[in-house]
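The following pair of complexes shares a single chain, chain A, combined with chain B in the former and chain C in the latter.
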Partner chain A sequence: MKATRRWGILGLELATPIVLIALWWALSAHSSSPYFPPLKDIVHGFFQTWKGSNLTTDLLPSVLRFLVGFAIALLAGISIGLLLGLSPRARRDLSPLTEFSRALPIAALVPVGLVILGPGATMEIALIAFGCVWPILVASTDGVRGVDPVLLDTARAYGLSRRQRIRTVVLPAALPQIAAGVRIAIGIGIATMVIANIFGATSGLGYFVIQAQQSFDVLGTWAGLLMIGLIGVLANGLYLIVQHRLLAWHRGWRASTEGS
Partner chain B sequence: MNTTEDRPSGRASSRDENASVVLDVRGLHVTYGSGERAVTAIDDVSFTVQRGEFVCVVGPSGCGKTTLLKTLSGLMAATRGEVFVDTKPVNGPPPGLALVFQEYTRSLLPWLTVLGNVTFPLAAQRVDRATREERARSALAEVGLSGFEEKYPWQLSGGMQQRVAIARAVAYRPLVLLMDEPFASVDAQTRAELEDLMLLVQRDFGMTLLFVTHDIDESVYLGDRVIVLSGRPTVVRRSVEIPLPFPRDQLTTKADPRFVELRSSILDQIRHERSGSHL
Partner chain C sequence: MSVAEPALVVVAVLAVWELLARIGVLPSSIPAPGSIVSSLASDMQTSRLWNGVLDSVGAWAIGLGIVVVVGVPVGVLLGSSRVLYAATRHTVEFLRMIPSIAALPLLVFVYGVGFQLTVVLVVLTALWPLLLQSMYGVHDVDPVARDTARVYGLGRGRVFARVTMPSVAPYVATGLRLSGTIALVVAIATSLVVGGSGLGALIASASNSGQNPLMYGRILLAGILGLILTGALIAAERRLLHWHPSQRQASS
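And now, the complex of A and B:
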């Protein structure tokens, strides 16, 4: 029953945009406004846009920058989160810095990024990594702090070294929380991918949308927007599949402890 | 064959020349905090456990039994005194020591199967895969859990989960197994089954056990010897030999007049401790 509900939620997440799109299609069919062209035209424009060279000049670079930035955030977020979770001292000493940094809106950091790194892939990757790292870091810290001390005592009594305890006990135990942080980070990452790509860029999705808007290419603007949305849905779907596999035990465990 | 006659009696005086002492506790003293607010949990505890001996530890509630076990297992440092496992001083969890906690749901890793839970300490000791699986399977068979290897702990009842924890300890082949009120949170029937399981495990493997419990009947039923602790700050009040014959049985052993006499004598002592601590 739990599993069907899970897949039901996944189905709903895929179905909602489809229903909205159908509504849009019907309501815009006879539109003559230049700003709200019929969806039919938008879809046509979408395929025209993304089957051409824009695929390699704009879509691919953005997706790659997202993936690289996200991977950096994942690695850094979990490692630093682990460190902060294990060391109350590090937590105390670094908390002003982390609290300040995570409160900064990414949009405000774009100018700084432009000044320090200049426009281009490096700056965009850095901003994506910076934006994504905080939810992962905070979730990892909390997850590590929340590991049951009895589990840790058990592992210690059985002679597991610190490294073995981290790999065998701490990380798996913190994984459900880390996963929740990762999910938030995906949304931030996609937003940052677009925002960081708007100013000073010469290729990418954000650049493409702005470029289309400034050349009064309404269909192009819509095509860009749709693609960004599609990437979001896809990333979320991938996340759910990975989470479903990795945390199968957690669903069962939670269901079994809810009863008692 | 385990009979009381051929068991060593664990006299403390012979510990220095006796090579079969597995656990040796000398003048253990544990204080929490410091200065004005220091609380002495354990004042002065000394005892030894011989190889193959089943020793139970009882005491009034709040007498620092858990502190004692944590110190013995190297999870907590003693303020004074020394602990030796197989003549090597303990500082940090010693090799060859296994621990079974009261909180079985919290000492099993919920993301590992039953088999994974039994094998992970062996994997950490770099025992090869074939050997650790074989040891785990035979340990699970010993505790009556054959066929449950691929289940997750949370799919099992409380008693079965504690059996998994016991199987993990058995597969580890420890020099000494410490158990911290292991059956305090299971129902009475399961508890009797698990007690008999421990007698079986001890007989089959000649295991050395230090079993902490608040249940005096349990301690007399299981032990070759019962160590009676005082209330806080804890000292050893008595070490009582239990000359009841093996195999022990829930019905006949507990009806034995010697059983009744021993449990009454220990209960009386603990009651005395309790009233004494109110003074």
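And now, the complex of A and C:
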């Protein structure tokens, strides 16, 4: 009984996207709208676009810049966030600067990047890192602040060094919050990857998709849209896998305490 | 004391920056804070700037409003039926993963450049998170509370108003706060990339004409707007949810 219900739910979950795509395919099959061509043509255009040299000239550089910028933000955000979380005074004194930087819409900084660093990979990486670092930093700070003080005192009483305390008590306790910040950062990072790549660039995903739009290449625009969407889905999917593994102990702990 | 120290840090940073710019250590691409603030101050006396601000902030607010009016009821509907919930949850989760900025070039074909384009993009950014949050909110209604309300003879409408909606509200507030930030990025980015009359376009035009202090001034304004708008969302969340446990510590 229970098993059949589970299969039923799985069937429902799979049915919706299949039905939606089938509907799109059928309804667009004879579409004469210039901007919404038949799905068949869109899919064909997608493979035509990305099987060739665009893969290495546009897709690869953008993805690499995203990865490098994101990695910098991850390292800087978590380490600075932990330090600020452990020092109430530093956190308070720097709060006007962190709050302002966090609220600044990253897109507005693209011209600054262009003026200071000029167009190119360095500018794009710097902007991606700057956009991603704040949600991670703030989440890490908040995560550390939420650490059970008894746990910290216990670790201190047992003679754990500062480094050991951070690694075995603070970091694990802050991890669920950090994970939430990282997810926000992924969304901002991909948007920044596209936006920063539009100005002054001669290759990359943002450049590609804007070029296609400006030359009224509808299938190219769709191919760019789908590729950026695919990257978003892959990045989020990867995040969910890593988060699931890193926080397995956390869910188990929560289930056991909430169940009791 | 608690306010004086952070303020002192800000003043110190600005003073050092001003000094470094004055003695010429910083390149001309990084103007002094004084000149940035004074060009923003004179820019603030022009209607062009305020039209740009109104364009961006208006599109942001209207977009989020549409999402609340459309996304919450649809989310509540999808979340209250077990079959609909199972059938749509993963599809909406999937749609949420697609960066809305990806749709910008295509939407330029359909809507042209202007206010409407920004509103549509803001809606696309905030809709999926809010839809999901509303679904999860309904799904997580405490069954004991719901059954208790039924046992006490509350009708369907009153159970909905007294039990379901209060359970959904914190989820919606969180969803709005999270998507409000990135919706603002998208609202600014839209006019920065495709032009129009938004704040992004004003930043781009100052940059294109080489007026660096003005460009920084307008970016400063974008940051201040970001502070005000995210602050407003947080304040609204506190105000609407003052009765909710998550707000207790913050208000005391």
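What we mean here is this: the second predicted complex is superposed on the first by the 235 of 260 C-alpha atoms of A that agree within 3 Å, B and C clash if a C-alpha of one lies under 4 Å from a C-alpha of the other, contacts with A are read in each partner's own complex, and residues count from 1 in each chain.
The working rule: contacts are C-beta pairs under 8 Å (C-beta built on N, C-alpha and C of every residue); 3 or more make two chains touch, one makes a residue touch a chain.
Please read all numbers here as calculations on a predicted model, not as lab measurements.
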Chain A as common anchor, with chain B and chain C clashing or fitting:
fit
Does chain B (first) or chain C (second) touch A:W249, or do both, or does neither?
first
In this superposed model, does chain C or chain B come into contact with more residues of chain A?
C
With the two complexes superposed on chain A, say which partner A:I188 touches: chain B (first), chain C (second), both, or neither.
second
Contact-wise, after the overlay, does A:L160 reach chain B, chain C, both or neither (first, second, both, neither)?
first
Minimum distance between Cα atoms of chain B and chain C in the superposition (Å)
18
Is there a shared patch on chain A that both chain B and chain C touch, and which residues make it up?
none
Can you check the complex and tell me which residues of chain B touch chain A?
70, 73-75, 93, 95, 97-99, 101, 103, 105-107, 109-111, 120-121, 124-125, 152, 154-155, 168, 172
Which of the residues in chain A end up touching chain C in this complex?
9, 12-13, 15-17, 20, 34-35, 89, 92-97, 99-101, 103-112, 114-116, 184, 187-188, 190-191, 194-195, 198, 209-210, 212-213, 216, 218, 221-222, 224-225, 228-229, 231-233, 235-237
The answer for chain A against chain B in the complex is residues 148, 150-151, 153-154, 156-161, 164, 168-169, 172-173, 175, 249-250, 252-253, 256-257
Give the list of chain C residues in touch with chain A in this complex.
2, 5-10, 13, 27, 29-30, 83, 86-91, 94, 97-103, 105-106, 108-110, 178, 181-182, 184-189, 192-193, 199-200, 203-204, 206-207, 212, 215-216, 218-219, 222-223, 226-227, 230
